[in-house]
Amino acid sequence: MKLRLGCELAYKVLAETVFIFNVEVAFLQRHLNLKDQLLFNPPLPYRTYQVPDLRNRYTQIVAPVGDLHLSYSAEVELDICRVDPAGVHEMPVKNLPLDILPYLLPSRFVPSDELATFAMREFGAFPHGHLRVEMICGWIYNNIEYRRGSSDAKTTATEVLIQRAGVCRDFAHLGISFCRALGIPARYVTCYAYGLSPSDFHAVFEAYLDGHWWLFDGTRQAALDGLVRIGIGRDAAEVAFATPFGLIEPGPIKIWIERTDGMMETGPRTTDAIRTEEDAPHAGAG
Amino acid sequence: MKLRLGCELAYKVLAETVFIFNVEVAFLQRHLNLKDQLLFNPPLPYRTYQVPDLRNRYTQIVAPVGDLHLSYSAEVELDICRVDPAGVHEMPVKNLPLDILPYLLPSRFVPSDELATFAMREFGAFPHGHLRVEMICGWIYNNIEYRRGSSDAKTTATEVLIQRAGVCRDFAHLGISFCRALGIPARYVTCYAYGLSPSDFHAVFEAYLDGHWWLFDGTRQAALDGLVRIGIGRDAAEVAFATPFGLIEPGPIKIWIERTDGMMETGPRTTDAIRTEEDAPHAGAG
Amino acid sequence: MKLRLGCELAYKVLAETVFIFNVEVAFLQRHLNLKDQLLFNPPLPYRTYQVPDLRNRYTQIVAPVGDLHLSYSAEVELDICRVDPAGVHEMPVKNLPLDILPYLLPSRFVPSDELATFAMREFGAFPHGHLRVEMICGWIYNNIEYRRGSSDAKTTATEVLIQRAGVCRDFAHLGISFCRALGIPARYVTCYAYGLSPSDFHAVFEAYLDGHWWLFDGTRQAALDGLVRIGIGRDAAEVAFATPFGLIEPGPIKIWIERTDGMMETGPRTTDAIRTEEDAPHAGAG
Amino acid sequence: MKLRLGCELAYKVLAETVFIFNVEVAFLQRHLNLKDQLLFNPPLPYRTYQVPDLRNRYTQIVAPVGDLHLSYSAEVELDICRVDPAGVHEMPVKNLPLDILPYLLPSRFVPSDELATFAMREFGAFPHGHLRVEMICGWIYNNIEYRRGSSDAKTTATEVLIQRAGVCRDFAHLGISFCRALGIPARYVTCYAYGLSPSDFHAVFEAYLDGHWWLFDGTRQAALDGLVRIGIGRDAAEVAFATPFGLIEPGPIKIWIERTDGMMETGPRTTDAIRTEEDAPHAGAG
């Protein structure tokens, strides 16, 4: 699938502000022929940083008082790895690579320790494997209402579970919580999502099964085979699209994504398991 | 300072259990002539993993039903880097290396986002630099009661601040919270602590100032120049001394540390700033 | 049903302590032929207070340093009002007496406002009436584990729902939360419970349906037709069996209850709706 | 002080909605020559209820779909009881009337049990009496920012303390929390406040000292000798100015209050202790 995508962000900077942006498409093998461009207006010097292994790309600027405008555009071809979910099994903790273990730990918005009993009681008896995580997504879809404005930047998965409402960020946090509580490593993914309506930054999650990471989305709002990854983190805290240190007033946001291969819209939601490429051999995996 | 130290842990394993231990002294340049040995009884095969950069050492075993005993002993010489604290300044966020930024983010037990206003109101007007973090430690020491049993494995820094009581883990979490809220990167440190009484695993924290990490301890229970690092993490979740997956009953714990250089006990608490060595050049620092 | 019951409480008083006790059987019309006696050792002067309408009996003493022993014993005959639950309907809020409305409001351990959406999604579509509250009790029974030590004096219904475990206090708080969230007035009841094993103070709840209060118990541990009421409150905060202001060390507690009418043990759990008598005509009910 | 006051509330009723309003001036002895009128447009039948002792006045209507407008106006003369605060002492718990004790208990938005240690450490050593509560108000005024929009209908005093911001409701909840934690009965008061700018419903609190209730206001925004009481409750849950059961869209709110005795604006904030009249002899006080 060939895609053209991008975003426009605008801010009123009221006092000198350091921004860390994480809006660029990650440098991954499955992101073929990536060409992209990040522009600031006014033009500003910037520093960039790519996280080893995860390959998140961060760009830092120091914005002076005044209007700031960011414009990002990219072209990319997605190389999707599809697998029959029936053959994707869970791994016993003893077989997990040791560098994967941090994704079993609780984090700021994913208090999986608090939700341990809840997860065991709801999902403990489900058949293990890719299907169990898919069933967790189904449970979230059926039990949590997708409602704009129902959560804010401090909302945790536990609060989402109680208030029974959230947005994509919260659906992902809750799915990650349940997975970790069940001994399945899971992590947070930000992306451009083909087919999402209205267009916006999207958040989904990955679970670690059978030695690979697999995509899941409890919101069921976008096609799992149309996601272009921006960043990976323990939870939303690590991959905010913009982290400002200073004093600003946010302006309008625009995100867009479209096919450029002349193909028609996607059909029904895929039932394949979607594997995200293995970035590097795992330490301690022997 | 030459030290001999170690620990003994015992468990009743009620069902096959995967343990991840993090009790070994980290491989650091300032840990001179480190010789150590980790033994299990019954003897068991194990896997080890060292975190890049941080150099935490994790050891994993799969323990069968029955008694399990871990015994660790080490000899090490500490190479302490002392600096006059008056010359240690805070860094503006715009000058921070980008790979340090995760230590500004909130984490499971360090909800620094919740405590932002609290920190600004209490400490915003303090003189900046090493002294400000030292004053934060003083505030914690004066306002939080050290009380065994006052917290558990799920207690966050916010709860500690409300209940006004905690143990070393909680003092560290609160100090880290305030630092992050003020724009000072901070991280959690587990260690063997010379002079701590009664002897136990200890937790302190490091703040990032002037391009280096510096040790701080709000409990004032151990000498900052007598700490032997085990692990570094965002918070306690990442560096538990034992993380069991299975079913166990914990037995007695014994930790010990003593000087082997014939020197007398430490005198008064040091007023030097104690720098922990720079492990590697920072990415994105140019 | 004729019953003999009582309790023995013991304390070490370390500094002069004011105690408010609420252990005496309430003066209700359905508590026939009540004879009881409350004794302190050492003998102490006391003040008593009976709450209007609710008829909770509070006794206050000022205990000097030393041992304190309370002994309470009572004989009472229960006049049980049984009704076919099928005929017990919910009342629209507009028809509720206005003095009942406080039992729709959230309270310390019953944050029914937080649980509003949860309750609506789980129980909104259930058939209304006595049966709905009974189904709520069934849900609690099936989803919450009764586990001693799983909660403490500060645990709220929301926490119980997350941790999926609690004791009778917590089961009652959760049932009350769901009822209030659904527009059904509900309140907390402490009692002596015939058949409870091991014997202890018990907590259940009442819901207001069809112009009367009806007993419910999500723990299913005692017979609803064998409860002798001590107190009524918004939640546990108002009807603690002992509220000490001072410095004490609690000693052993003993609660006992037995039939004195020569009848055999109760058979299967009653399926009748159990109505508690109407204490007084309601204000604003016209 | 002679006052004319009132409010206008407007709603779009989207489905039949039961409203409980609590906007009318309480029938108190110190509210001299009270004349008032509550009107609904469209005109609707209503039920009223006055809480015994507290004398809160509640009015219930059932509003059909369409626009609803409430208009309340009153004239009243305030009989203020001023006392030198130096002579107003705290009462030991053992001397408190037993019917006052509920105001020592934690409630939904006043988790005084959580804040017990905090209160003892901050205020335990202050001189006891009216002055201590006044110093608590000063601490709140200095440490909590008054900021519109910083809290919502579910915000507790603990959250206010952490976020260091709130509105009058939150200032009152925090003051009540500290008082209860220190053994001083305290309760929530809603009122019309002369001099408040911009005009709005106001919330303050009362503490029980020397056998009487006394007014306190941590916001320092209105004159304590210009408050006209609407309601008394354990906390805001009990005295919302409007409690709707149904589906509505709130419209604009207007509150007004002005002097009618030709007197000039109030001068500096009073330093007198302001006593609210004793409604009835207390039970169990002998």
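We call the chains A, B, C and D, going by the order they appear; numbering starts again at 1 in every chain.
Quick note on the criterion: contacts are C-beta pairs under 8 Å (C-beta built on N, C-alpha and C of every residue); 3 or more make two chains touch, one makes a residue touch a chain.
These are the chains along with the protein names UniProt gives them: A, B, C, D = Transglutaminase domain protein.
Everything numeric here is computed off the predicted structure, so don't read it as measured data.
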{"item": "Chains touching both subunit A and subunit C", "value": "none"}
{"item": "Equivalent-chain rotation between subunit B and subunit A, CA atoms, steps of 5 degrees", "value": "180"}
{"item": "Length of the line joining the C-alpha centres of subunit C and subunit D, rounded to whole Å", "value": "30"}
{"item": "Distance between the centres, which are taken as Cα means, of subunit C and subunit B, whole angstrom", "value": "47"}
{"item": "Numbers and ranges of subunit B residues touching at least 2 other chains", "value": "114"}
{"item": "Chain contact graph, described as a line, ring, star, complete graph or other shape", "value": "ring"}
{"item": "Those chain pairs that satisfy the touch definition", "value": "A-B, A-C, B-D, C-D"}
{"item": "In the complex with subunit D, residue positions of subunit C that touch it", "value": "18, 20, 47-52, 58, 60, 62, 92-94, 98-99, 101-102, 105-108, 110-111, 113-114, 153-154, 183, 237-238, 243, 245, 283-284, 286"}
{"item": "Residues of subunit C touching subunit A in the complex", "value": "114-115, 117-118, 121, 143, 145, 158, 161-165"}
